[in-house]
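Each chain gets a letter, A, B and C, in the order it is written, and its residues are counted from 1.
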Amino acid sequence: MISISNASKWYGDFQVLNDCTTHVSKGEVVVVCGPSGSGKSTLIKCVNGLESIDKGKIMVDGDVVNDKKTNLNILRSKIGMVFQSFELFPHMSALDNVILGQIKVLKRSEDEARARAHDLMAQVGLSEHAGKYPAQLSGGQQQRVAIARGLAMDPIALLFDEPTSALDPEMINDVLDVMVNLAQDGMTMMVVTHEMGFAQKVAHRVVFMDEGCIVEDAPTDQFFQAQGSERAQQFLSKILTH
Amino acid sequence: MGDFDYSVIFNNIPFLVDGLKVTFLLTILAVIGGMVLGTILALIRIAQIPIASWLAAAYVNFFRSLPLILVIFWLYFLVPLFLGRPVGSFYSVLIAFVLFEAAYYSEIIRAGISSVRSGQIAAGRAIGLTYPQTMRYIVLPQAFRSMVPVLLTQAIVLFQDTSLVYVVGLKDFLVSAELIANRDQRLVEMFVFVAIVYFVFCFAGSLYARHLQKKLAT
Amino acid sequence: MNYNWDWGILFREPYLGWLADGLFWTVSLSLCAWIIAFSLGSVLGIMRTSSSRILRFIGTTYVELFRNIPLLVQLFLWYFVFPELLPDDAGRWVKREMPMPALSTAIVAIGLYTASRVCEQVRSGIDAVGTGQRNAAKAIGMTERQVYQHVLLPNAFRIIIPPLTSEFLTIFKNSSLALTIGVVELTAMTRQIEEYTFQGFEAFTAATVIYSVVTFSVMFLMRIVERRVQVPGMISAR
């Protein structure tokens, strides 16, 4: 479904991605982790072309993302993305956030889009907040609306860029619960996160990145059974102790 | 465009330079006067002295609601009336600019002062400085450093605004050029030349302001 | 100070009529110039934030050019120089035959000048909305046009209501420059009253009061507008 081959990227002299290769198959959940500045957020933004790569190749559903001929708008409408800082559109109600793309991009009818949006708001447990504006919702609620917005496009895969990093601790689980349900329903997901509990519970594979390189790419059990690289073990011990 | 005649410019360089000197002198004096008066107004507003702060705010809002040309006319009319004798238009125009620009400088300086974290005032008071001392030694130096690019930009605006002395016929750069233009019937050359000169000074100034801004940000 | 007060002069004909006419032309000039400044400035502001290098370059060049030449000089360029650069017929039309040549020139000159300032406000508004919003909109597959239309601009314009208000008031005040090419707007009218009656104090006071009252009314009105379009839950900038 998603395949990244030998992707490299530079910001000026600084190499953010160094020959990264990995893939996400249909129905698979892949967690990407690593210390800050390791390039994981950049990597996931390259998957839907929000960032471009300088070398290598990224393919999504048979299309080459870094090919000028690919229509990125169509490709992006097929992959949902959830951001660290939610990025709901502040001038629209939660429901309208979920409706907008359906009407403008997928050209659904107003009624159809609205009905679908109501279903999704129920799915993320926010039916009674549908009419509120983003600024009137808590962080956890906003992030769940953002997930609903992504789902509204009936995506073939969902990308998560540190979806819980900006949340207060008591709200993290609300968001993770929604994500676990999605994973268990068979959604293809690529998730940048430090939530190792989530990884252990639903991830099929864990990718560990450091200094722009993919250091480890292993099935979840193997990754947590302490047989990986030293750098990954150090990282794990740091984030698992607290 | 074919008969563009440069000689009208070269033949009158000394006269034009004299005009440019007036423009610069007026700009510099108005910047100094405007900043001094503007700082005083800003400090009065921030100190929240009953009546006085309100008056300072009223002054600022009042002058900001008026066209500069009207203020120039006012002072051109009032100054000789008060002195009881005619004076050169330079002084009345200078007073007009100082009074007018002070309102704008006051807002810039007020914003600069409020950008200094309030903890700094507390820290200054905590080591025993008085309120004026805290302002003088702690807050204002920090505020002015962060304001330099904005103050420079405002100086460029003022430099452009001085062209409005045209309405009272003070012989600045624009009026000098216009006199020649009308005398020699060379309006196209003179006005294009005037525009280029203003552009060069202002563009260079704004590039420098942007450079300072970047240096400040890092 | 030797001065004969006569406030009654302001309410006598023809002077009262002159003031009314002056205000009418000031307001008409300001509104027409604002239409140019707002529409062109918005387009330029969008260009300066677009992904196309050429559009960004055009926007930047426009702003630098119009912002670094005094408005009065620009007014003279449009009025005295521009017609000379046109073919004879067109030049004559601009100078004399088009309706109200001085007023029209002033509208265009002030409008084009202010467009460069509006452009900068629109640009900073769009920048303030942020790349995060741009990415979020792109991530659901919107085209660049849709990103601007549905996400960036609705938010940017809300943010910049206060600075745009002051740009309109700048036009209102700058409209007085039109008197230099013979448009008899409010300031010119009061000057004229002073010259006819020697009652400068009264005449200038009248203009001062009118400018202030209009300015404060516009600010008051725009505060109401700002409050009405405010998004629920968001803290206002003021």
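Here is the rule we use: a contact is a pair of C-beta atoms (placed from the backbone, for glycine too) under 8 Å apart; a residue touches a chain by one contact, two chains touch by 3 or more.
Small disclaimer: the values here were computed from a predicted structure and weren't measured.
The chains that touch chain A as well as chain B are C.
In terms of C-beta pairs in contact, the better-connected of the chain pairs A-C and B-C is B-C.
The central chain of the assembly on a C-alpha centroid basis is C.
The most distant chain from chain B is A, comparing centres defined as mean Cα coordinates.
Averaging Cα coordinates per chain places chain A and chain B 53 Å apart.
Once the centre of each chain is set as its mean CA position, chain A and chain C turn out to be 46 Å apart. The mean-CA centres of chain B and chain C are about 21 angstrom from one another, to the nearest whole unit.
Of all residues in chain B, only 1, 61-62, 64-70, 73-74, 77, 81-82, 84, 156, 160-161, 163-164, 166-167, 174, 178, 187-188, 191-192, 194-195, 198-199, 202-203, 206 touch chain C in the complex they form. Here chain C touches chain A in the complex through residues 132-133, 135-143, 146, 150-151, 154-155, 158, 231-234, going by the rule given at the top.
The touching residues of chain C, when paired with chain B in their complex, are 1-3, 64-65, 67-74, 76-77, 80-81, 84-85, 169, 173-177, 179-180, 187, 190-191, 194, 200-201, 204, 207-208, 211-212, 215-216.
On chain A, the positions that touch chain C within their shared complex are 45, 48, 50, 72-81, 83, 85, 87-91, 100-101, 104-105, 132-136, 146, 149-150, 153.
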